[in-house]
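Here come two complexes built around chain A, the first alongside chain B, the second alongside chain C.
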Partner chain A sequence: MTLLAALFSHYRRHPLQLLALATMIVLATMLWTGVHHLTSQARASLDQSESAVAERQQVTRADGEPVSVRDFVALRRAGLCVMPWLEVASPGAGRIVGVDPLAAACFDRSAKDNEPWRGELDGAPFVDISEAAGLAIGQKGQKDSQGVLSLLLSGPDSGSALPSGYRIAPFTVGPDTGELGESFLLNLDALGMLVLLISALLLRSVYLLGLAQRRDSFALLHRFGVPGRQINRLLLLEIMVLALVCIVPGVWLGRWLATGLGSGFGRALEGLFDTPLYAGQDGGWLVPVATMLAVVLVACLADVLRPLARRLSVAGRGQSLLPALVLLAGIALSVWASALAWLFVAVAMVFVAAGILAPFLIARLADWRAGGEEDPLSRWRHRELSVLARRLALPLVALQFAMAMVLAVQALVTTFESTFDQWLVQRLEADYYIEVPEGADASLAVDWLSGQQELAAGLWHRVIRGQATLMNSVGESGPVVDVFALGPIGPLVTGWQLFESVGAPWQSLAEGQGLMVNEQLARRQGVTVGDTLSLKLGHKAIDFPVLAVYPDYGRPAGEILIPASALPTDFETGFQSLSISPGTLSMETVTSGLKQIWDVEQLTVRDNRAIESLASAIFDQTFLLTRAMTVLTLILAAIALLLMGWVFFSTRAWYFRLLVVWGLPRRQAATQLTRLSLSLTSAIALLALPLGVWLTWILVHRINPLAFGWSLPMAVYPRFWLELGVLSVLVGLSIAVLMRRQLNSPASAPESASALSGGER
Partner chain B sequence: MKRLFWLVLLPVLAGCPEQQEPAGFAGLAGVADPEAEVPFLQPGPGDRLSFPADFGPHPQHRIEWWYLTANLETAEGDPLGLQWTQFRQAIKPRLADAVPPDSGGWPLEAAWMAHAAVSFNGQHYFAEKLARGDVGHAGANAEPPAVWLDDWQLSELSGNGTWRLQVSADNWSYDLSLQINGEPVAHGDQGFSAKSASGEGSMYFSLVDIQIEGTVTLGDRTLAVSGKGWFDREWSSQFLKTGQQGWDWFALHLESGDKLMAFQLREEGGAFRSGTWIPARGEPVALTPGQLRMTPISGPDSYPRQWQLEVPDYGVSLKVSAPAGDYRNTGLYPYWESPVAVSGSHSGVGYMELTGYGN
Partner chain C sequence: MVDLLLAVRGLNKQFRSGTQSVSVLSDLSLQLGRGESLALTGRSGSGKSTLLNILCGLEKPDAGRIQVLEEVFDSRKPAGSRQAEARWAALRRRQIGVVFQEANLMPALSLLDNVRLRARLAGQADDKCEDWMERLGIGELADRYPDQVSGGQRQRAALAMVFAMKPALILADEPTGSLDRHTAEAVTRQLFDLQARHGCGLILATHDAELATRCNHHLDLGHQPET
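This part shows the complex of A and B:
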């Protein structure tokens, strides 16, 4: 007990340090738990929703008529396991899917957990089919958006054979936006890892400072016969107890944070993917507690990190060549790597090297400036800056990483947002989207629409979807690509942004002089404008010059855009639709006209404006969350630096007071301290800038294309740099203000140099 | 008395304003609301059976079922037990002569559940199906008698009293013809079967003389089977008194030609017993609680496989035993449903149903 009391008396003498360490553990745990909770829940829910809608099959009528309750009954009585799926566009609640959980009971029980319609139907977006039917009936006569009934088949082994008069067709729900979700989650993962790294650095810096101050106590205990190993064991016990005491409330706070943010986040993802993505169920405690415990132990105690820590603190002593080489190698690897794993290795290399080099560079620069200074005060200030850069290496590096991360995430999010907005506007240029019913002749609709005087020319087009086979130079079949055929080519598409193109690309396309390819296809096949692609659209291969490359976010498939007139007659049409901006013509006129010429009772019509506003709102909300998380990280790093700066400056207060003793007016001494702390924080902000820009580039230009096949445009936001600069100045000023108070307090005896982990003066 | 369960589909039917909280085992102690515009009807003493209408559904009653158990033998003489049941649970009561809601609105006024099981050589095969009512893939008719849910169906083969029962599960199925002999036996007070001393009960009748022939397919093995069956019809709006935990029910074919139906509803500190003695010749006799003794030989915590049944007034003292094996029907509500062998004062076969013992 005496030994324990002696060892821990340090914190009785320095309660603030204990508080700082505890606060750091709590905050770091809270932040990481929050990010981790959100990410893992979102990922689980995304998987769940994808499995709910992926690879399903439906039963349709062979005569092309929509299926009805009678068909459902006939199929069930024949022993087939089918479930009704009634989709209704509700003006208030968005897209609602009515399902029959009783009918779903025959679906594969093993998939139970992955089927969101099982369990309580809480209207998000699954409701009981009677409720959806009620909504659909209520909308009749208003516009053509009453329910669309599908009959989902449970699986390949779904019971009896299909009765005659029916056929099996693929069933998909909504646009394929899973890639965007994955991309977003990948960013969140990266954010989580960086938060963990930053937390570890901050913890280590606070802990090492305390450890340095306790060296005399350890030496004394050693002299009294306590073996070093026993002291280490007690230190391990101490940090484990402290970690556990702090991690538990940290995890609780993190979950509270995630729940608070999660409700908005859940709504965002849910709206985007049409199925509940954010499950919101309780995550376990084990993972966050174990992870944070490991981080605390590794950060504070692990001997394996000692060389790195020593390097961080002694880099100024001339060992900069290796980190510089690592930095160059990392940058080179980031340019040339062709696999995601290598890119992550490159990121790790650059961060480690930058972390070692940043304090070193500041110190060297300060030393160099000091050498050239005539004014002794300036020389003192630069020398002192050099000492501080080395002594505060860990929190400085943490702040640098945090700033770089915030810069990168902010740029990524802003870019993502504007790009996606732009792309959405392009893809949803027409006001309405109408599916051509199975078996209906789309050319009848084309003739009818062409004949409508009130429908402005070019404000509608027919879309034909299908597939084509890419042929190589020797006429062998290559990969299959998606076909996106349009006709007529008009203002609904000619405003699309293109990455590269020939002159007057849309006119050339309309005249059938070639095709356009999406970015994914261009990247994968190394296709550029001017190349010729040989494609088998029907039975015969046809050569098309490439007129342009267009962006296509959200899915990995290669796609070609061609005029509908260029499709051969034997092209196998997979799916057809019409995009229409009715202008002065009412949509009711259009739909009733189409119903009449196709002789059908109902049409699937989607209101693109509603989809666009929903998607925009969703992304606003989603990005708000990302920003909130990054800003929290930054605040944590800034608080850590402030805390560290204050503690460290305090340990040197005696020396600072000497300035006054030597005759410098107190006011001037305070000014010197302000300049000193401002130099330190500004320098680190400056060094964070290139790292942040590089990280942005890696995310948008390297990781995204490798992971998803498409890239985002690279953009930088100097205004945000300025904001970060202001933040670093504020941290510097805050440290200076605290130091002034120290200067004004009565002088105390200097602590021994050794107590401050190195006797630099 | 028979089996029920209801039907707690209830979590998945959340959001239905008429939904009642389940009470008692499987919600069978739910109370009818007499204030409702169209209230659920609760059977009582004085209510009478009506044929053939009572073979069909009773939309103003909350719960009802059609229930067949059969003690069959294969061509080799091996015993084979078989069960088929279809339940209807009303969520909203409806007058018997009211027009059903439009199927296009996927109404949710009633839910149906069907159970089928085969017990053979110590193995128990069980399947369950669910459906909503008024859509068409589940329902029942009085005339001609028909009960169906998906491709499981009981239907009349011709007008000569022969029915056909077809069930097809994942890897097993059966296809049986049922020759109905004799008149329906009304239980209790001319069809009103009390389930507690305070008056809860149901309308209940049985067809107790059914000759069955057909095939049972288990995997790739098809067995020709024949034997005797017992068919129950029962409906009510509140079966159980609050506090009743479950029941033990027996339907026995004795070699003397006599038959016995007996059940007890277990409650704190005792049980409410009732039954019907159906002599080979003569009129069925309703047994009062005092005339019937039912004692589990094993138990009481798990399903008791052996029972002592006594009706001293008729010289009946039976030991009823389930064969070795696990005969739980593991559907929404697990319960025990097994064929039994009868020994003692009489020998014979029959069926036993045990509920409310946990899993």
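This part shows the complex of A and C:
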């Protein structure tokens, strides 16, 4: 038998430990790689979008119809240098952009850095337009698969010879989101880091348990003349081989997970930031493999490689002052920090401190209870709980973190869903939504609708959308904001929830006494009710008092809500629509009446209930990834605690058996065991609760406004607490059930070597 | 014969490993009265520990009749398993004290708390526990934990636990096997002194021939038939 085989024989004796280690490495790698894969792709897409469309213009049809190949031909024949840009959704992978390399040749070559489609079209997201067209045709009929063609103009002055029927428009992939997109991805990175931390704790706990059991074998080999360094080298080799064997399938599974969640994540990214998720920017294999290898090595061998760290950790055991100070400092920082990075630092501080303090608290509490117990059996049970809390500290803390994370994410998602649903119902109060065709006079429709007796007053309004420029106090142009003009102001909007407002805000709005701003604009510009905003709506700047701030979830842009009557005549309307609840009047009557007055054959009519369900589906997708990650992490942590609890209880089985030897009926010994394991898992669930509520507060009140631009009300959900309580009870019961089997089998001697010298206390 | 404490008749025990079966106890019979002691000797694997486990109900024999005080366990008239287990548990709790070679103490409890726990389980008042520790010479170690004392002191604490429960029968499985000769001698002397003074029965499994001669009776399990 070789030395390596002798060392590895431990896992032949304890295959479950090897299985637990391997499973944890695979699952942790899968989770982290999945998140890393998606965030890398999204980050590259954001960069790609910014560089690809920087200061670029496109040609659109004046009649509002989408451009086609015919338009491309017509424009090229007219001598205009336009390049087709065909975006096709690739299921799972994201968006693919088809460009024509020949047409791209007329673009200025000096700006190659800003034109990522230049050069070799060797893969996603930029491919030859024929390939993208083939993909679009191949997927015809599939949801979200149709290609969208744009015609990019080579330079800002090229529109001088534009044929009639066309106009120039800025080519944008989405509104300027500032750092919001990046913040969103930073959130996911932080979640990924938390998953990594929990996984590292679990790995470390299982590995150290095995190491403790193998210490006698190492000492024996040392006595046989094997140098300690050689044993350490072999341990390093062993864990590296195990890590690589498990990391490779983990990365593969992570990429598979990312592909599965890719379309949903892409839709979420588009829904939140109007940024498409382009295909192909996947970050490769090297980063996940190297990261996970480093995590596994540090988690498992930190003590072996750095004896100093081990000495420090032993010396620091039992000292709670420093962690308590770190906890307080973290909480203080979370209240005062104004940058996202500092908030993450605060979260890290609080988690690290809570992780050190939790097992310490349970052990101290158990010792305190033991000290006050008269009954020796109860005293023994509390002392055992203290030992368990210290010995199972790492998996316990991992479970605590996972529970806190699940509590917070569940609360955030549920709060968001209920708030968003409520908001969406308010926003889509009208039953139908009709687009005003290009060139049609919307005021004719307003007159016609006003004349309909069956149509109850106020159950329709006209919506005018466009853009305005915010002016600063010295008359300089500021950021561009979206304009949402309504008229008449009626019951379809007066039920909207407002964050803050003047008295009778809707009446004041209807009377043209001011405007309302969305939360994003209010936060970004520091606007509050009573302030005055100077806006350039046409050619002239107008001052408007701010009447109210309204919630506007799910998009980053700043917006103002003003009565349509307040728009100047030279306001450039971008888009118009009518929102209608027809009441007793049939929708057919409305549409035929409007067709007649506008003299058109077709109208775009949308059912707002369908839009509502589509929007809800998009936001479900938004949180699918976070939910999946948190639930998987919780399962991982629960299984790890179960395994660790089982393995560690095995080392204490002798003492339960001793109770049986002393005449305690097996049933009562098993009851002691159950009470002990339940106390342990319930205590950690209880300690996870304040951490989870604090994390919810951080996510809702501090991180969300910084990352998304809007806030949510803080809500707690005791039902989730109960669910996690039930989970902790189930884990405790499972440990007890597994242990009962050991209690019934004869054990002639304690399993752990330390028990021979009195056992751990 | 003095008051009968233990009577065993026709005891058989086999262990199965795959298709093989090894008989460790075959048609074994013995009797022990109050105040008597019996030494069990034999090579490793001869069944000493198995017999002790059977005599306190921790293992079941394949066949045989065991009477401890008034309780009778007969393989030919098996009572319900749960009922028999409850009767054995009651005997171990109040009448049978067991001492192993090592790990007789709860590591999370002080020596005194260990003794108190054992006395309380036996239904004895725990106010005499400190006396027992004093008598065994470990009174000053009452608040120490098992990992803070020597092996000999731990075994003395184990004896204190046994005597604190005032047992009728003590089963000791190589109680001095892990101790040095000097300490082993001191612990053994205390065990025999107290056993004689309190008139309880003692069955002692040992490899030590000299120790075996100090018992009233001697049973060499090495001469048991084996199949």
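Just so it is clear, the second predicted complex is superposed on the first by the 410 of 761 C-alpha atoms of A that agree within 3 Å, B and C clash if a C-alpha of one lies under 4 Å from a C-alpha of the other, contacts with A are read in each partner's own complex, and residues count from 1 in each chain.
What we mean here is this: a contact is a pair of C-beta atoms (placed from the backbone, for glycine too) under 8 Å apart; a residue touches a chain by one contact, two chains touch by 3 or more.
Treat the numbers as computed from the prediction; the structure is a model and nothing was measured.
By the touch criterion defined above, A:Ala5 lies against neither chain B nor chain C after alignment on the C-alpha atoms of chain A. When the two structures are aligned on the shared chain, A:Ala339 is found in touch with neither chain B nor chain C. Of the two partner chains placed around the shared chain by superposition, neither chain B nor chain C is touched by A:Leu286. In the overlay built on the shared chain, the residue A:Leu321 is in contact with neither chain B nor chain C. In the overlay built on the shared chain, the residue A:Val474 is in contact with neither chain B nor chain C.
When the shared chain is aligned, chain C comes close enough to touch A:Gly663, but chain B does not.
Touch criterion not met for A:Ala161: it reaches neither chain B nor chain C. By the touch criterion given at the top, residues 49, 53, 56, 58-59, 85-86, 89-94, 96, 98, 102-109, 113, 116-118, 120-122, 126, 145-149, 154 of chain C touch chain A in their complex. Put simply, chain B touches chain A in their complex at residues 9, 11-16, 103-108, 111-112, 128-132, 135-137, 148, 150-151, 168. Against chain C, the residues of chain A that register as touching in their complex are 375-377, 379-380, 383-384, 386-387, 654-655, 658, 660-666, 746, 748-750, 754-761. Those residues of chain A whose C-beta lies close enough to touch chain B in the complex are 68-70, 72-73, 76-79, 84, 86, 98, 100-103, 105-106, 118-123, 127-134, 137, 159-160.
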